[in-house]
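Below, each structure is written out as structure tokens.
Below are two complexes that have subunit A in common, paired first with subunit B and then with subunit C.
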Partner chain A sequence: MKTNDVILQTTTKIVLFIILIFSVFIFFTGHYTPGGGFIGGLLTSGAIVLLLLAFDLKTVKKILPFNYMYMIAAGLLFSIGTGAGAMLFNVPFLTHAYTHIDIPILGELSLHTATIFDLGVFLVVVGVTMTIIQTIGGDE
Partner chain B sequence: MAFQILLNVFLGFMWMVMTVSFEPAVFLKGYLLGLLIIYIFRNLFTSRFYLLRIVAVLKLTYIFIRELISSNIAVVKTVLKPKLDMQPGIFAYPTILEKNWEITLLANLITLTPGTLVIEVSSDNKILYVHALDINDAQESIDSIKDTFEKAILEVGR
Partner chain C sequence: MINFLLLPILIPLITGVILIFFSKNIIAQRWISGISSLSTIAVSAILVQKIRQDGIQTLDVSSWDAPFGITLVSDMLSALLVLTTSIVACTTLIYSFRSIGQERERFYYYPCFNFLIVGVNGAFTTGDIFNLFVFFEVMLMASYALIVLGGTKIQLRESIKYLLVNIISSALFVITVAYLYSVVGTLNMAHISQRISEVDQPGIITVIAILFLVVFGLKGAVFPLSFWLPGSYNAPPIPVMALFGALLTKVGVYSIMRTYTLLFYHDTGYTSKILATLAILSIIFGLIGALAFADIKKIIIYNIIVAVGVILFGISVMTTDSLTGSVFYLIHDMLIKTTLFLLIGIIISITGTSKLQEISGLIKKYPGLAWTFFLSALSLAGIPPLSGFIGKLLIVKGGFEAGNYLGAAIVLISSLLILLSIMKIFINGFWGTPRSFEGEKKASVKTLMIAPIILIIISILLGVGAEAVYPYISQAAETLVKPEIYIDAVLKE
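Showing the complex of A and B:
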């Protein structure tokens, strides 16, 4: 018998976004408080796993038409790119730089290249976790 | 669409609560991040990504202002013409719009642009009877309404 998952699915549609905004928050606060790319990526993939629990594999693939292998590759490229970018300015590999800029409405933002490195970590973590889960979950 | 906007505002508030700073700029930051998340997960919703509809409304407003100016100029030309050689008349305009608010909007837009005037909507909401200043180019004005207003309204209502 096919059960009606309407309550689970509707709740997922709201809770999913709360988890995602929290994971973005964790990702951005990593510089000054606990958090960062790894735990942010795990939280994001946790949200996608919740989506997988509420819907089936095919529906989730339609909602998020990503190839997670490419996501891992893109993440690694981001991390290596920020490391190699330092060598263009005659400083050792993985030397980071930061600056403060003023944007009219958003106020003062401090930009650090470590965030891009973290973004790479984030993408790799999401990609690896989702590849593992989808490979185990898929029966083809 | 309303659900997506509500969710996005809620995500903005969540961001304010999590960062414990209650300034408009922080809300905006959370709103933009929420917008990005909703954009990535846009296929989850039955309606399409709501920003597209807002863009469509802006486009419709732009088309309306443009048509208003150009057809007012056309009417000034007609008024100032020394010879009264135009031929007023009524033509039927078959519409493919279905919802009541879409038909109302289309009728109002046709009426507000001078040169044409909606006088009646048929009982099955399929045909608008339009009075035109110059009936000779009726087919042309049907085509121009179809190209501009009807397409833009369809884009909003989709």
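Showing the complex of A and C:
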């Protein structure tokens, strides 16, 4: 018997984006207010878990066709790369700096390299959480 | 380049991450990890040379000055241990290529291997007590994965015990660091040492010192806390076992060495008495195990506990001689335990069993294996031209000088019994009437022999060329005897 979960699925479709936006917000405000890569990553994976609850593993894999192991490795590379980048300028490992990036629409943004480190944390957290949940949840 | 001392940590870390992308391509995994481990050896050898010339190297990570940021400190002791670790890692890796099996290689064996080396090298290099904890966890997480990888019944059972013990000891480590932080208010080891000398080690600091001994004793298998080791180390495949036997317990021993010479050296009456007692009990307990079993894996595993006891006895005596001896013995023991584990791995792969009664007459067909084993057995026991001799000699000398006759005598007698336990393998296994064994593959033995032969050559050179090595070792011991050198190098006063 197939239960009808149209209410759950419809609510998920709306709530999902609110959670995702909130997680991105938390991620970017981490420097000045509570938040950061870790909690942001957990919120994002929370959103994906909600998707998993409302739909099934196969559908979610079709919607988000990521290899989460690669996501972990990429996150680690981001974080290590931020640290190792400092070595090119002959300053100690992980010395952070301001970098100026010109983005056409937003104009010149002054960004801190710690954000890239945090992005690495974010990716690792999402990757690890989703790998754990998919591995336990999947039975192939 | 100021970041040079970071390279032995960074190279395996990046390698491990990159290998995740190639997890199904075994050939690429072998090449990448092989090249990276060779370059780690090169880098750490250069680092040793650099420290010999310029003294202690420090790096204030992310440009924060010493007590406020994390400082990585590479003195001669750390650098020598990092070099030894790299050599052990490289040879074990060569051995793994032929023995670990494709199933394991495809499921992230090499990334875990590299992360383990990151943890060990990091723990040897860090100058921050909480960072030491983090590197311990990096090392232990990788070792959890390696011990259970493959998923045989014995591995699953023993990894539960191993995990349980290590999680409890890690929690205790955090609690101990919290106690220490609430007393001294800093985490940088040099700064902690300075603060402790300002308050002149009151009672609470001695309590914390004993707590650290419990924590690191659990990690490093000191007698009453070594109950988990014989079972857990029996479970994983041989290269993993070699890696564990050579590196994991030695990180615990190094941490005891570091904390007891750098932090808690003011009021040593009580702590060193306890350390000496535990060391002697470890020796006795390990010897009983090594003599009691007729299983070649178990004999070598119990010998780890004996070696830990010998090194700790050297630390507890706290004279220049005994500390030099401890450093020498530590390095020797890391090399020789790897050799022995790899050699018994070859024996097991020939005979298909680790029971001594079922093996005999191997010397007829495998003379190379037999004589390599014989040499490493003599080296383990400490016969003069080989590497085990000088370390033990200095430890015993230090023991007699400090008036601890009983301990020094036990260290001496232990050599004899170690020799007995290891010669039991040689006499029963290699002599006698030759038998035929199932699964004999002569070709694979030849390639497997490469790694132990490299190690035994290094070990012989370490013994024969002790004259050339000694300045390095004594420079390492000098920092242990005079912690001011370390403190000044870190805090730059």
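Keep this in mind: the second predicted complex is superposed on the first by the 128 of 140 C-alpha atoms of A that agree within 3 Å, B and C clash if a C-alpha of one lies under 4 Å from a C-alpha of the other, contacts with A are read in each partner's own complex, and residues count from 1 in each chain.
Just so it is clear, a residue touches a chain if its C-beta (ideal position, glycine included) is under 8 Å from a C-beta of that chain, and two chains touch if they have at least 3 such contacts.
Just so we're clear, the structure is a prediction, and the values are computed from it rather than from any experiment.
Enquirer: Just checking: does A:I14 make contact with subunit B only, subunit C only, both, or neither of them? Give me first, second, both or neither.
Expert: first
Enquirer: Look at A:L76 in the shared chain and tell me whether it touches subunit B only, subunit C only, both, or neither; answer first, second, both or neither.
Expert: After superposition on chain A, A:L76 lies in contact with subunit C alone.
Enquirer: With both complexes overlaid on chain A, does A:P92 touch subunit B (first), subunit C (second), both or neither?
Expert: second
Enquirer: Applying the document's definition of touch, where does A:L64 land relative to subunit B and subunit C: first, second, both, or neither?
Expert: It touches subunit B, and subunit C stays clear.
Enquirer: If you stack the two complexes on chain A, which partner ends up touching A:F25: first (subunit B), second (subunit C), both, or neither?
Expert: The first partner, subunit B, only.
Enquirer: So in the superposed three-chain picture, is A:I105 touching just subunit B, just subunit C, both, or none of them (first/second/both/neither)?
Expert: So A:I105 only meets subunit B here.
Enquirer: After overlaying the two complexes on chain A, where does the subunit B footprint on subunit A coincide with the subunit C footprint?
Expert: Touching subunit B in the first complex and subunit C in the second, no residue of subunit A appears in both lists.
Enquirer: Going by the contact rule set out above, which residues of subunit A touch subunit B in the complex?
Expert: My answer: residues 13-14, 16-18, 20-22, 24-25, 29, 51, 62-65, 105-107.
Enquirer: What residues of subunit A sit close enough to touch subunit C in their complex?
Expert: 69-70, 72-73, 76-77, 80, 84, 86-87, 90-96
Enquirer: Can you tell me which positions in subunit B touch subunit A when the two form their complex?
Expert: 7, 11, 14-15, 18-19, 23, 25, 28-30, 33-34, 37-38, 40-41, 43-45
Enquirer: Using the touch definition up top, name the residues of subunit C that touch subunit A in the complex.
Expert: It comes out as residues 1-3, 6, 10, 13-14, 17-18, 20-21, 23, 59-63.
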